[in-house]
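Each chain gets a letter, A, B and C, in the order it is written, and its residues are counted from 1.
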Amino acid sequence: MTAITGADTAATAEAVKFLQTRHRFHWAEVLPWVIAIAVFYLLPGYRLLATQILVMILFALSLDLIVGYAGIISLGHTAFFGTGAYITALLAANNIPDPLIGLVAAAIGAAVLGFLSGWVLLRTAGLTLLVLTMAVTIMLGELANDFDEITGGFDGINFTNSEIFGLIEIDQLWYTSSYIYVLVVLFLSFLLIRTIVHAPFGRMLIGIRENTKRMSAIGTPVHQRQVLVYVISAAIAGIAGALWVQVQGNVTTGVYAFELSGDVLIMIILGGTGRLYGAFIGATVFKILESLTEQILGTNQPYWQLTIGIVLILTVLFARRGLYGIFEDIGEKWKDRSQ
Amino acid sequence: MSSFLNEISTVLVFGLAYAMLLFIISVGLSITMGLMGFANLAHGSFAMAGGYVTVTLVSQMNVPFAVALLIAFIVVAFLSIPFERFLYRHLYRRPELDQVLLTIGLVFVSIAGVTFIWGPDPHLILMPEYLQGSINLGFNIFPKYRIFMIVAGAVIVAGLFYGLERTSIGAKIRAAVDNRRMAESCGINTGRIFTWTFALGSGMAALGGGLGIQILGGIKPVFAFEYLVIFLIVVAVGGLGNIRGTFFAALILGIIDFAGKFYFPEGGAFVIFAVTILVLLIRPQGLFGKA
Amino acid sequence: MKKYLIPALSAAGILALSAVQSDAREYKIGFIGPMSGGAAQLGQQMERGAKLYMKLHKSQLGGHTVKMIVRDSKRPGGPIAKAAAQELITREKVELITGLIFSPNAMSIAPLVNKSKTPVVIMNAGTAFIPNMSPYMVRVSFTMWQSGYIMGQHAAGKLGCKTAVSGYTNYPPGKDSVAAFKKGFESSGGKVIDAIPMGGPAKVPDFTPFFQRAKSKNPNCMYVFVPGGNHAAAVAKTYQALAMRKAGVQLIGPGDITQSSLLQAMGPAAVGVVTASHYNMFLKSAENQAFVKTWQAEYGAKSVPDFVGVGGYDGMAAVYAAIKAANGSKLTADGAMKRLKGWKFNSPRGPISIDPETRDIVQNVYISTVRQKGGLLVQEIQQKFEAVKDKCKELKLGKCGKKLY
């Protein structure tokens, strides 16, 4: 990216500055982490919800990699989330209760599944891809239900993790250590994802999303690159799934639910796709909105479904870049005015 | 030997009845996707609307079942027109993702809506006398309703094929599916064709929703989501916009699904997905789709 | 200075608390049940039963009051119930948890209550081994083995079935129920020729393929377990639609498939179905007739209590007994268990007690048949078995014989 620094027109210089600085850390990027730590101390009664939000952020980030950056639409991302979850639970239930080993195994297992399914599925596109991703996920859910001697069937597996580094217990009642554990894993994974999308590989993905034929023509091995990002995304989704069940201490077929695939897609659309922080905003807003709707309006009627349905329709029609896009627009306007 | 005949005929008759239902509901979805290139995940909601219209007419207003089905068809077909005109039309040229999300949003709203009105529990109707009980076909005994479903399905399929192959409207629709631009340059108003076809497809779905009440254990709010996957699978396996393909896909999947649950109740639900994946891996464009 | 201030303050607080202890105390308890979606009717039955007891026995607690916080467990699976329990314990600071319709709900909260030492009174969930998962759980409802085992013996004996097929919803209570049936049926000389898993509890499947399969095996009896509610309503319909009675197959099962509150809606399809259960609204005892009467006075003539409702009612009686024993001090798990082990109560279903060994229910089991009487369907009691314990724990089978915490 430094090849054009020789050009000296003002416009080019500005472009170069943009390209060179956009991967640098902005002060505002500290914000989500500060909020996360503040929530831990200020709202101890809400740590369970907060932990769930953190896991969902990670899951949404993994989906954003393929939907937002590579332009691959999937309605079956729970295939990887669920596989990571089951691998972790099965290891823990079979005398390998170390949570970190569980995370690594979940990532590897989900990545392998991502490679196998991605290699064949990504040759298709559009509706066929949509149906296939859905079919894979539902089939895995059915398998988990049917092989109940291994998976525990509908009621799933209850398990206990051992301590992290032999020291810190993952606490299922007060969510003290669990919250910090999930936050640390999210932070490290986020650094990795951030590096990937700002690397040339990330730019290449956007190229593929915008114009597959052109990228093909300039010599990009499109299919190979799509499979690669699919594998990375699968591994991260696997980690998210592992975290989800580690803090709960049980896994059920619900981790393969098709509805969850839909929910996580809605989260990134709500937040804004292809933007990293869209996943943060989307997952947080989605879960808090859900919790608030249920607390204020109750659950005796499907108020939540009505709310999210309307929000989704409005987002698609009027705010296609999500809440993050709205923030960006406001930021731009503010900048214009101050100049 | 007779028990073998018994089993085979059971699987075929029940499978066929289910297949007819799948076809009647899915064909509209196939046309929407093939003709308009629109991923309408809310198709199941139109089928569900048909089911609720039928239930309300039959059990609260004592309308005869057959008449109620006809009314459900007409009501939902007309109801669907504003959706196409004012909502879907804006998204024909938008990315598939937008279409998927908008229609998922509609599904949520429709599920919430029917729950508000009819509650979360399934609604059943009392079938007319002539559809109750069973019928002895000599080699085996079947519920009358399943036989009725097969006959009704066959009539609808025949009518549909006749309409598409032998009438000028049908010819226009086929032309628009095959090559929209060419059809437009021949003076066909594809916009209007879209609207009418969409209405027809939604009406068919409603008809299926009404016919399915008895077979699917009542009509309930989750219907729009629960069966969506299966409708999509039928369309994808048959090939988008291919009516003959949709028919054969429904036939194959309907019978396989019943056979799977009959012979392997332990894991039968998963058979249909395995078959789908296999078919689409070999022929991503579907059984009868154009490559 | 600050360091000393806090303990001093909290000591003062404790003193202040103990000062008011002789006065009225509000006991916060958590109630977890499916209050929305397809299983909402079950949650409502249970809540109505619990609230009816509370209303009738307000003055029983010597001035102390009970505040019941209801949380929705939505689906049959575990995670939502577990999250609800976590929030009830840490955010709402409840002293006891009750409710729990589905077995996986009850199982999922066991590790939490073990840790927080919160007593639990189970009002429904019937998988036999659940009380083995926590020393702080008491069950006042039923176990699948109580009905399944007796139904098995009855089918092979009085009903004269030589062969049977069982069909079940594929989750813990379903497996439990058919295992119990098989044990009872085969120990009395019958033979189970096929066991058909019929999908999960989360959604009601089309039962046709499963019932057709059963029919093609030509059994004398078909034993079916499905959870109460929408599943149960669909079973009788399918049985009739496929003309299985004409084909000589007798439908039998636990009381879950002839839930009193759904019986009239099942219509003629249910006539002749034989079930084994600890409760139906047609029991002739004075306690039950009074119970049904007050129920309908409270909730209208259209509402009738069923086994879920009576579970809620009796469960709340147990909760009240524990609170009365605590008498104004904090409700502890040990205290509650001490009071409830061996607890006896004259329930609408007959005399019940808690087995001090297993913390599980001991009660009568009735065999009944659905009959048409006037324009209505009723259940006629054929036989009564008194003070039935959980057979699974008696025989120490599988998880029933183990401590699971």
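FYI, a residue touches a chain if its C-beta (ideal position, glycine included) is under 8 Å from a C-beta of that chain, and two chains touch if they have at least 3 such contacts.
Since the structure is predicted, the reported quantities are computational estimates derived from the model, not experimental observations.
Visitor: Could you compare the number of C-beta pairs in contact for A-B with that for A-C and name the larger?
Guide: A-B
Visitor: Compute the centre of every chain as the mean of its C-alpha atoms, then state which one is farthest from the centre of chain A.
Guide: Most distant chain from chain A: C.
Visitor: Any idea how many Å lie between the Cα centroids of chain A and chain C?
Guide: Distance between chain centres, rounded to whole Å: 39 Å.
Visitor: For chain A versus chain B, what separation do you get between their C-alpha means, in angstrom?
Guide: Taking the mean C-alpha position of each chain, the two centres sit 34 Å apart.
Visitor: Any chance you could list the residues of chain C touching two or more other chains?
Guide: In chain C, 36, 40 touch at least two other chains.
Visitor: Among the residues of chain B, which are close enough to touch at least two other chains?
Guide: In chain B, 120, 266, 269 touch at least two other chains.
Visitor: If I count partner chains per residue in chain A, which residues reach a count of at least 2?
Guide: Only 145, 301-302 qualify.
Visitor: Name, in rising order, each residue of chain A that touches chain C in their complex.
Guide: 44-48, 52, 145, 148, 153-156, 158, 160, 172-175, 248-250, 252-254, 294, 299-302
Visitor: Under the definition above, what is the set of chain B residues touching chain A in their complex?
Guide: These residues of chain B touch chain A: 33, 39, 90-91, 96-98, 100-102, 104-109, 111-113, 115-116, 120, 221, 225, 229, 232-233, 235-236, 240, 266-267, 269-270, 273-274, 276-277, 280-281, 284-286.
Visitor: Help me check something: in the complex, which residues belonging to chain A touch chain B?
Guide: Listed in rising order, the residues are 67, 73, 75, 120, 123-124, 126-128, 130-132, 134-136, 138-139, 142-143, 145-146, 258-259, 262, 265-266, 269, 301-303, 305-306, 308-313, 315-317, 320.
Visitor: Where on chain C is chain A touching in the complex?
Guide: 35-36, 40, 72, 74-79, 82-83, 86-87, 89-91, 103-104, 107-108, 110-112, 115-116, 170-172, 200-202
Visitor: Show which residues of chain C lie in contact with chain B when the two form their complex.
Guide: Its residues touching chain B are 36-38, 40-41, 196-199, 203-210, 212-213, 216, 230, 233-234, 237-238, 241-243, 246-247.
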